[in-house]
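Take a look at the structure set out below.
Letters are used for the chains, namely A, B, C, D and E, taken in the order the chains are written, and counting of residues starts over at 1 for each.
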Amino acid sequence: MSTTAGKDRGTAATVSRGIGTAMLALLRKSWFVIALLLLWWIVTAAGWVDPYKLPSPGDVLGTLGTLFTERALLTDLGATLLRLVEGWAIGVVAGVVLGLATGRSRFLEEGIRPVIAGLQAVPTIAFLPLAILWFGFNGTAVLAIVAFGTFKPMALATYGAMHQISPTLLMAGEALGAKGFFMQRTLIFPAIVPSLVTGLKMGWSFAWRALMAAEIVVTGAAGLGGVLELGREIGAIDVVMAVILVILVVGIVTEQLFFTRLERWVNRRWGLVGAR
Amino acid sequence: MSTTAGKDRGTAATVSRGIGTAMLALLRKSWFVIALLLLWWIVTAAGWVDPYKLPSPGDVLGTLGTLFTERALLTDLGATLLRLVEGWAIGVVAGVVLGLATGRSRFLEEGIRPVIAGLQAVPTIAFLPLAILWFGFNGTAVLAIVAFGTFKPMALATYGAMHQISPTLLMAGEALGAKGFFMQRTLIFPAIVPSLVTGLKMGWSFAWRALMAAEIVVTGAAGLGGVLELGREIGAIDVVMAVILVILVVGIVTEQLFFTRLERWVNRRWGLVGAR
Amino acid sequence: MSDQPALRVVDACKTYERSEHAALLPTSFEVARGEFVSLVGPSGCGKSTLLGMIAGLLAPDSGTVEALGKPVTGPGEGRAIVFQDAALFPWLSVFHNVEYGLRAHKVPKAERRERVENALGLVRLDHVADKHPYELSGGMRQRASIARALVMQPEILLMDEPFSALDAQTRTILQDELQRIWIETQPAVVFVTHNLIEAAFLSDTVHLLSSGPGRIVKTYDIDITRPRDEADPALLELRHDMLDRLRAEVDDDVERRAQAAEVSAL
Amino acid sequence: MSDQPALRVVDACKTYERSEHAALLPTSFEVARGEFVSLVGPSGCGKSTLLGMIAGLLAPDSGTVEALGKPVTGPGEGRAIVFQDAALFPWLSVFHNVEYGLRAHKVPKAERRERVENALGLVRLDHVADKHPYELSGGMRQRASIARALVMQPEILLMDEPFSALDAQTRTILQDELQRIWIETQPAVVFVTHNLIEAAFLSDTVHLLSSGPGRIVKTYDIDITRPRDEADPALLELRHDMLDRLRAEVDDDVERRAQAAEVSAL
Amino acid sequence: GGAAGPADSVRIGLLLNVTHGPALLGLQREFADGLAGLPVEQQVFATGPEEVSALLSGSLDAGYIGPGPYVLAESRAPGRLRLLAGVVTGGQSLVAQPGSGIASLADLRGRRVAVPSHGNTQDLTLRLLLEREGLRADDQGGDVEVVPIKSAALPEAMKQGVVDAALAPAPYGERLVADGIAVPVPAVDRQIDAWSIPATILVATEEFAKANPEATRALVRANAQAVRRAQADRVAVARTFNEMLSESTGKEIDEAVLLASLGSMRATTDIAPGAMARMVRASEISGYSGGPVPPAALVPRPR
């Protein structure tokens, strides 16, 4: 078989081999999950643990179904996600704008940055009682906490990113005549985008944490945290595990699919990988 | 004045000039804090805001004093810190050991890592209801949450660090005859130490967050979170702000002083900075 | 006006903030219009510092830098600079990279297009205009960087070790290209390099600087006709001369440092 | 046994996993005991791959590598390697870096101490034994790396572009040092470099490899007496020869690639 | 509702306790068609303090709460709330671990006692009880540990032995007893009855009451009707409670248990003289008080 001809004729075979390889890779990556699930199933099926402490996988799935059909868990999920995205978006915009606006002035940055870094050393959830006293025992307080929890790491990421811009790149821009807002818009901002993507992910992670913690406390409004807390209060471990499962899926889907893709795209576009 | 002589004789002057410069630098870095405090003071002194929503700085300081003298806030602080350090240490050791033990086997790592990464996508606090149902409504559940919250990022940091070891360094070790546990102990572990320090900080930050969130819910045992929650329940915003102040100080002291120093020391020792 | 030099540097010197030693001792030289001048010298002797002052990116502590008869106060149109690592904007295509300076100067779109295309043609990169920097080889990146400078139609072109990150083969090719472009467009050039053959091959004049803090210790005028051949024995001879001189400089410096180290070790 | 060569490479070849092209075509050569052999060739032609197989860090796809009469199956005592970036362990002092291999081989402490001190003396680093790598200059780091290899008393010393990260001056000094050390300790050496003068200056034999996938296309035997002088015209002559040959290789390759690119662009 | 000025709805808060029975009934009938033309929105809270923070932050217009949180709110933000009427008196009871030997107040020394949350009515009542016996809570340097545990989590906490006793709002105490998890302490219950401390009162924000006098009067009237109906028809209260409970937790409490607990309380719009002052006293000895409570705040001001 000549190489060139082989390349053309081999396509179908390559694809099917590709699928086989992908399956194998998936199996190789999921053996531990499978083993864990099996163990869980065996342990509960054999009755070695009190179902009150660990319900069977089947029970949890059943409960999950019930929650979706009878308790409108979708509403809770929707409320949680909406709050998360809203709070996160507010925090991201506020953090980046503050960072960009004050990061080029040494005076402003040196004054503001330590305050934000200090606040970041405090778990955002510690501000929840304050938020509740200010905004009331409701979703607004939770939203404020999520936005604040995102704002801090985003502002810090923006400052950090601005310091990491290659000085040669800045000099190149200056030498070409860029200055002021043109410089900010066409050089500073694009230059920090890759670091910001990492920051976005970070911010999301903190937002998610702040939100869950807040929802567990502020159980009045709809939200996954409230259902989780309810499950605990009524001693329904199957409800707790079902909700954790939902959170797990949401977490993996957003972090792995959305952020990893965004990061990959930006890194490729900015030439951070794939440079030959 | 000749340069050499000047160097000797100039010491006293240099020192006092050094102090002056340091003071100036401090002022330059704290103008924003000072401005914020002033604003707070003016706004409350002028009566522009309801003291129920924002007490004056003086009130907060007074409450802080009362809390320390009358409510034994030191006990709460001690309990929180002990729990934090304990849980964090357990999580760090568990995470690093798991990472080291499974990180050199592609099979083990590819199976285990996605599970931990998946769990990391779930806010640790979501496991609190589970921990309470398993360990009871007490400090053990909180400790478990803190340890678990630290374990995940530490294991991931260890995996990540092991992939970043320079292949040449590994080759150099192999070519010199290192293998097995000797290699693990004298090459792999020291090589990942700098990344682990960053991981430690990360882990601490997550541990701190998990702890505060858990303490706010599990208010039975002594702890800052409980006091915070008490303040909210009785509508005492001055108590809430006083506790936040304490958390702020603890956070800054540990993160800035301890971790920054550790990081600086390791980076210097490992030649990551200061290389000429 | 035309008999003014392109550049006149008079006693320019620089000590960086928080640095104990001067980066550059007072240095003077002139560059005639269309002249190709190289600066060579040991690492850290202040070549980039000097170039930065000429570019207007750094202010000299004292002394003056005049470009085309006017004192330099900041980066300006008459001067363009090419850096060692190309310093292309990674998020822009080659076309938009080259266009950047024109946009900053609010050149109308149609004119921008034409000038960018011309510049890309000059460095033979027309075919990759839409690619991003990461898709280019090191040599192509450096050419794009040169195009980004040339599109500004500079009367003075400043280049800081533009070829030193490239492998030997690519470097040789780009040296030939640069010679060709320079002959075509005739800007005055200040060229910093560590490669003595390169300096000798390209330049009308080579200034050799001493170990840092730097100053010009020797000047070579090279009047071999162009286009030149890198294997010309006269060039190799010249290189040998410069190398000896440079070694002496470095040895002096090493000796000085060793003595200083001994003193501080006591 | 003594008339066996130090190294015998027979038809060793390698294609990396997930790579379309071979990294190295079947290659054969021998290195006599105490011989200094250099490998030169365009970037990516497989020099490091070849050295890795000799070191026992990589297994050849087919063909064999024999060292001191025994087939190579892994990194072994008789062979030591020095990398381009020194690859010192940053957390260990120079002394402990050099000692590392001895500890891995469970050499008793007293003997370790003596051998390390000898090795440090050989590369003239006695005075910085307690320093950490970050406190050393590039040249000193490379010397420490050489000491770390020499302390194993290798009969075969493998060096992969050991000086290419250094500035020209330091490089020249270390070339002289290496020549001296080699004359003193007489290991067989396989030396990879891009610097043709360096190869000519140091070697008994230079193998020139083709553009990747590599194979040996020309072998030069250099019998200029030692110690040699870098400025020896015979060496420059040799360099010129090699350069021409190399350029031809690269041009061939460029042409091949250009054609491939055109085909794939259609 | 709205910040200032006439509202376009009335947002009423309540807790899911049977002591809030009149509210539960009222929401089904008396409030169902709105108050003075304004639609009613209900919001259920887990604890009184949470409801108070909602009232004070303006996200609630009126609420059924215990007198404890109300008194604390008046001590920190005087004049922000208005006491409209009484709702239920009684309805809290002390229960203990079986075999813990707790039969009287004195036996609480050195023990852990659960209350629903810091600063709520049960917490404050417990302080009064302890004071009477010469005991003090741990946060005041005494040796009775007061542990806040939400009512829903109480069975679990009792089973695990986290606490030795609990002062619980109805029906949670009775339920523990019925489930065999705890035993009653009648001596203490009698003392609580003697003080006739209200379990539930009706309050509105001053802002709402001022801007919406008609709706406020309608609320007071509707409440009085609901209170009468609750007192007359315990079965209706029990069923309505179970409906709401099952809606939010999927579980119900045995109706017999509910009826028994309803027997321990009285629905009335009256507030016993001195009862509110007792709560003020409790807020002071607990150290929760933020300042003096204006005497006017202790009597209902329905208009």
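Quick note on the criterion: contacts are C-beta pairs under 8 Å (C-beta built on N, C-alpha and C of every residue); 3 or more make two chains touch, one makes a residue touch a chain.
From a predicted model like this one, the values you see are computed outputs, not experimental measurements.
Enquirer: What are the mutual neighbours of chain A and chain B in this structure?
Expert: E
Enquirer: Touching chain D and chain E alike: which chains?
Expert: Correct list: B.
Enquirer: Select, from A-E and A-C, the pair of chains that is joined by more C-beta pairs in contact.
Expert: Answer to which pair has more contacts is A-C.
Enquirer: Roughly how many whole angstrom separate the Cα centroids of chain B and chain C?
Expert: The separation of the two C-alpha centroids amounts to 47 Å.
Enquirer: Calculate how many whole Å lie between the centre of chain B and the centre of chain E, each centre taken as the average of the chain's C-alpha atoms.
Expert: Inter-chain centre distance comes to 41 Å.
Enquirer: Could you please state the distance in Å, as a whole number, between where the Cα atoms of chain C are centred and where those of chain E are centred?
Expert: 82
Enquirer: Of all residues in chain E, which are in touch with two or more distinct other chains?
Expert: Only 53, 56, 153, 156 qualify.
Enquirer: Two or more other chains touching the same residue: where does that happen in chain A?
Expert: Where chain A meets two or more other chains at a single residue, that happens at 132-134, 232, 235.
Enquirer: Provide the full list of chain pairs in touch.
Expert: Every touching chain pair, ordered by label, is A-B, A-C, A-E, B-D, B-E, C-D.
Enquirer: Which part of chain B faces chain D closely enough to touch in the complex?
Expert: It is residues 166, 168-169, 171-179, 182, 186-187, 190-191, 193, 268-272, 274-276 of chain B that touch chain D.
Enquirer: Mind pulling up the chain C residues that touch chain A in the complex?
Expert: Spelled out, the residues of chain C in touch with chain A are 52, 55-57, 75, 77, 79-81, 83-85, 87, 89-92, 100-101, 103-105, 132-135, 137, 148, 152.
Enquirer: Taking the complex as given, what residues does chain A use to touch chain B?
Expert: 28-33, 35-36, 53, 107, 110-112, 114-115, 117-119, 121-130, 132-134, 205-206, 208-213, 216-217, 225, 228-229, 231-232, 235, 237, 240-241, 243-244, 247-248, 251-252, 254-256
Enquirer: Show which residues of chain E lie in contact with chain B when the two form their complex.
Expert: Residues 47, 49, 52-53, 56, 69, 72-73, 76-77, 80, 117-120, 139, 147-149, 153, 156-157, 160, 162, 287-288, 290 of chain E touch chain B in their complex.
Enquirer: How about chain A: which of its residues touch chain E in the complex?
Expert: Interface residues on chain A, with respect to chain E: 70-71, 132-138, 140, 219-220, 230, 232-236.
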